[in-house]
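All chains are identified by letter, namely A, B, C and D, in their written order; residue positions are counted from 1 within each chain.
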Amino acid sequence: MFETFREWINHRHDYAKAWKERSGNRVLGYFCTYVPEEILYAANILPVRILGSHEPPTVTEPYIFAMYCPLCRDCLAQGLKGRFDYIDGIVEGQSCLHLRQTFNAWRLHIPTRFAHYIHVPHGVQNPHATPYLTQELAKFKKALEDWTGKKITNEDLDRGIRIMNKDRELMRKVYEYRKQENPKITGLETMEMVLSSQIVDKEEHIRLLEKLLQELPNRKLDRESGTRLMIIGSEDDDRIFMKNVEALGATFVADEHCTGSRYVWNNVVPHEDRLFAIASRYVERVPCPSKDWPEFTRIQHAVKLAKDFNVQGALVIQNKFCDPHGIEIPPLRNALKSVGVQTYPLEFDVTVPWGQFRTRVEAFLETLTGLEELF
Amino acid sequence: MITAGVDVGAKYSKIVLLEDGKNILTRANGVVGFDVGKSAVEVFEKALVDANLKRDQISQIVATGMGRKIIHKNPPINAGEIVPEVIADAKGVFHLIPTVKTVIDVGAEEGRGVKVGEKGGVKDFVINERCAAGAGTFIETMARALEVRVEDMGPLALKSTNVIPMNAQCCVFAESEVVTLIHAKVSKEDVAKAIHDAMAGRIASMVLRVGVEKDVVLVGGVARNPGFIPPLKKELNAEILVPEYPEYTGALGAAIIAFEMEGQK
Amino acid sequence: MAQTKEYPTEPLKIWNEAKDLRRKYYEGYLTAHEHGALRWAGGAWSFSAIPAGLGNDVYCITGEPYGATVAFFKEFTSKCHDAVEAAGFPRTLCAYMRNYWGSILLDKYILADGTIVDHYPAPDFIWQDHICCSHGKWYQVVKWLEETKGKKVPMYCVDVSVGYSPDEPLETYKINYIVQQLNDGIDWLEKVTGRKYDDKLLCEAVWNEMRATSLWAEVCALNQAVPAPLDEKSMYSLYVMGTLMKHRPECVTFYEKLKAEVEDRVRRGIAAVPNERFRVITDTQPPWGFLQIFREMEKYGVVSLGSLYTYGLIGMWEYRPDGTWAPKQLPLEKPQTREEALKAIVEWTAHRPEWAHFYLPELKTKMMLSIVKQWKVNAVLLHYNRGCEGLSVHIAENRLGLLDAGVPVFPFEGNMGDEREFDMPGTLARLTAFFSSVGLKKLRE
Amino acid sequence: MSEKPREFWRWKEYRQTMPGMDPRAAKIVTAGVDIGSVGSKAAVMLDGELYAYSVTRTGGVSEETAIKVMNWALEGTGLKTEDTHYVVGTGYGRVNVPFAKKTITEIACHARGAHYIYGPTVRTVLDVGGQDCKAIRCDEKGKVTSFLMNDKCAAGTGRGLEVFADLVRIPIEELGKVSLNLTEEPPPVSNTCVIFAKAESLALLRQGWPKEKVAAAYHLAMVDRIIDLLTKVGIEKDFVMTGGVAKNVGIVSRLERNLGIKPLEPKLDPILAGAIGGALFAKALYEKEVGLR
């Protein structure tokens, strides 16, 4: 099963092309998890999250100044290298300046038939955000209808909502197994489960999750779970890092980033006005720090996760130049410390210099548990 | 009429004596010591001897390179004018290869990309900022970490076909990555290739800022490194032309500018 | 050395008034509590006219100008950065923000003239708006830092990240979204200050802000003259008034006087740079610690006329039917009620030129090209500003746009508020190369 | 266009056996082998007391280096590697020490080694190594409580000094002393990139600055970077330095002045801290193995 998740990620482009062949429907690329996939599923469009490939991006210099985050440059590099030449368009839900640049550079320099930017509000803590977003979503829905020439009915929206809710709900069930003393899945496996859900047909993903949930109760990992770690930060799909860290005698039992729990945590609560229901979900979801003010609600959420999953230590990673996340590092580390969770910060770039990181992570693990009895 | 161009670089001074703005009489170079002026003069005199000329037989001298100011209006060389490297580069390469549109000059401590306009003028240019990972020193530093001679690096790299992405944020940290690769039992050939790939990547991403228009010409000391050309070619997906004496294009350009100055009189 | 004609020049008369106004501003905030006045903190783009409704004794301190003031004094800046990095914040964050936090962490307050005062004067409340990723977060951390010192500072932040509409006005639901937040904000202000809110004062302040921001644009428009009456270096000390107190009557008066003086300079052909022969504009905030770079440019006879940043950060502009880019015209009516005032200021602000590039790089390029044409600009120097994600966003696209239009562009990397990230000798060397590539020679050492 | 420069950066390799100790009388013989990115060290301890050590440059193949440095440390002691009860590998190449039973990071080893070299009052350890710089906080047992390493850029590391030694053609061991050879401190070089800092220094030399002055400017820049790191982790007394650079008076004295804290005087060669820490862990691990703890 987990092999399948991995396969899907490793061959994401072949998958999408085949899907297109098979269904005759369109594929839209999106950058940020603030894009309401519910509406895309309602329109029978396959949403594929555009992520990086972790090769040093050499082609983006002319379009994005290198002081913007590795993710936004790596994503654009994929487009410039033609790896997403099968998508019919792009859509972005406002999160940060970085990905907005990727969206615009893509719109301007890569042949794209459809490009839509949803101005998802930043002030998600104010009461007017949901009605406002509802209007923005109506605009998005209309844009899709005009483009596909097909009306999106309430029934369509209900279907979209059902699919997204189901997939997220099942993934949360899988997360439960990470709470056990000997977690039944590794952090890498979890990451691959969530990542794949962002790039494959969710109905297929759901079927696999259902099978997986039947097997998990009897699954046993043939490895020592070691130190219980949490990984916290912005977008993170660096699977090599996850693999390497877990090879040092630790298991990631929890996470707080948009390629993990932040993506799966909240469902759409049904409401007569479907767009309002969807808008509410994206306003009330675990927020990206760029939208999380004046209160630090995400930090409170991360602390709760750390407790619920009985975490010993947390690696706080930051995509270099990501200001929204960078700004929260000290308050976040303070909050975790106050509940007895030690943290260590790491700065991620397009490629991660494992040679340097290995020593830090190992030393961090040593300070957590390792050497007590040797003194 | 005889003119001269002197390129006082970070490591070497290079000089070209030119006849009537086209025939190269002499090329000479020498290491730049702490006393830049002195080193430049030594090369200059060496060149005069080679060409068996006297200073006063040279109608005009133009200087370029980071040490150019020192010999500006300062005897015995007494250069009449100074021009920045990018200007001299464009001029010199245009003279050798009139179809050139893009010049890439990778010296010891600076990498440059120049977009060449008609008549060898500069349309746009870019120079590496704040980090040396895109310059000749990079290979040298890595050579030490690999314990091979600098001149062997290129040939070594050509022996490998594997692709190992290397994070070339910083020369020295790239070096520690090299150490990591060595510890991970990666062959010297592969590491050498990874190093050249990384550097080609740095240079390419910089040059892409000014855009890559054919013909693309690579000059500067690094142009003599065979290991550097294939990855650069791949990164830019363009043929890379290299003139016979790639480290002299700046001096040649300066000599041509000197000739043009005289012509205007 | 090439010869060139020299224009007459003379210093600005309004200079001391400008300095005085700035000094008063920072001191006014500092001493507010001594006479029971209120003080608040927020960004230069916040809707500063709204808190004005709380009374005439309301003082504010805007973060960006304060961050820039800190940056002028390198020793203090580096102390601020050390403090912020010691607190665990990445050094890649917005430089103004780090200067500001550093000042709080060090518990020191710096005045416009560099005088350092003990104890950072905490605001009574925070009134901010949010279009760049850091705006709201900036003051959220200020709030947090004060909390760790045991002081509760209430914070209100208005979300204006609704996009930008090039020509036609923003859709009503977007305007309403912001207006509703401001309405709530007024109730919130009454609650946290316990004061009665005065709509009359609000209408006054809104009208002041609209006049001041349109007046500044008119001043900038005068720089189309040859020779340019103002150079960017001096404009920095003039536009700052708008970033500090755009809603205050003093600001309006100051810009009226300034406009009169600059008109007079144009009439008499007074130049900012006597040997002007090559006109450039820049972009984004300069590296504040290295303004001598402008003096270096003058040695080549190069004058910087300003930038979309100096013109449009505070100045309000619009495209006229004839396609020219000109100062935004005031509405015929001054607002009379709270509703009118809020709607007016939101519609006015939504068209701030410096907001365009956040969403549409093409639009920023278009405005820059208008400046190039109308101000007779020869080249553009783009400051790739590592200190400001907000104003550097899409800057690479602007470079491409300008090049496509045949405008020579010189991009240089730096940082408005962190000198560690600006390489002065290297930049000058590259700038020299650029000037030679456009055929300029040094006129004097 | 190439010349063969004398290698001023190449510091001398050395070894030593402590007088008056008898390995045959020892109950537990352990060793720590610290394969750094630039230098490799081996420390052999008898019942937890330093007996013999060696310091060499790290070669291209770290297994060979590990064997070489270990054999050299044991040279003339009559001991062979197999006579040791337990060996811990540490440092950059810790995974490549064939005869080590366990690896422990240099962070933990430096803290413990510093504790041995400087005593139990040590709370902050600064290890300036070849390619990284670590600021470590530890408790009275020499156990790490928190640490930080320099990021992404190698300014302020030993390698920087080597590059510089080559430039000014002064043997690296003498650099620090030379840098103090002037009455007034110049401003530090402004570039943080090792290579550009070198270029900047070269420019200064070419402007006619004496070597001493340039060296001072370079050392000052390094010290600034190191202090950045120290302030981040937070300095608590006693403060000590380990690693090769701890022997550079130009760095140490400036750190002392700019921090206002005097580092303790080392009783032993501070470059050995990692290896010694490793050997001490090795002893504990052996005791654990045979049930002595």
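Just so it is clear, a residue touches a chain if its C-beta (ideal position, glycine included) is under 8 Å from a C-beta of that chain, and two chains touch if they have at least 3 such contacts.
All of these numbers come straight from a predicted model, not from anything done at the bench.
Peer 1: When you check each chain against subunit A and subunit D, which touch both of them?
Peer 2: Joint contacts, listed by label: B, C.
Peer 1: Quick check for the class: compute each chain's Cα centroid; which one is farthest from the centroid of subunit C?
Peer 2: The most remote chain is D.
Peer 1: Return the chain pair with more inter-chain C-beta contacts, choosing between B-C and C-D.
Peer 2: B-C
Peer 1: Report the inter-chain centroid distance for subunit B and subunit C in whole angstrom, where each centroid is the mean of the CA atoms.
Peer 2: Each chain reduced to its C-alpha mean, subunit B and subunit C end up 42 Å apart.
Peer 1: Using mean C-alpha positions as chain centres, tell me how far subunit C is from subunit D in Å, no decimals.
Peer 2: 49
Peer 1: Calculate how many whole Å lie between the centre of subunit A and the centre of subunit C, each centre taken as the average of the chain's C-alpha atoms.
Peer 2: 36
Peer 1: If I count partner chains per residue in subunit C, which residues reach a count of at least 2?
Peer 2: Counting only residues that touch two or more other chains, subunit C contributes 88, 423.
Peer 1: What are the residues of subunit D that contact at least two other chains?
Peer 2: 92, 132, 152, 191
Peer 1: Which residues of subunit B are in contact with two or more other chains?
Peer 2: Subunit B, residues with two or more chain partners: 66, 130, 169, 173, 176, 179-180, 209.
Peer 1: Residues of subunit B touching subunit D in their complex?
Peer 2: That would be residues 10, 12, 29, 31, 34-36, 66-67, 109, 130-132, 135, 137-138, 141, 146-147, 150-151, 169-173, 175-176, 179-180, 182-183, 188, 221, 247 of subunit B.
Peer 1: Touching residues of subunit D toward subunit A in the complex: what are they?
Peer 2: Going by the criterion above, the answer is residues 92, 104-108, 132, 141-147, 149, 151-152, 281, 284-285, 288, 293.
Peer 1: Can you list the subunit C residues touching subunit A in their complex?
Peer 2: 87-90, 92-94, 97, 126, 130, 132-134, 136-141, 143-144, 155-159, 161-163, 171, 173-174, 177, 180-181, 184, 358-362, 384, 386, 389-390, 392-397, 400
Peer 1: Looking at the complex, which residues from subunit A come into contact with subunit B?
Peer 2: 54-62, 349-356
Peer 1: Which stretch or stretches of subunit B touch subunit A in the complex?
Peer 2: Residue list for subunit B touching subunit A: 165-169, 173, 176-177, 179-180, 198, 201-202, 204-206, 208-209, 211, 235.
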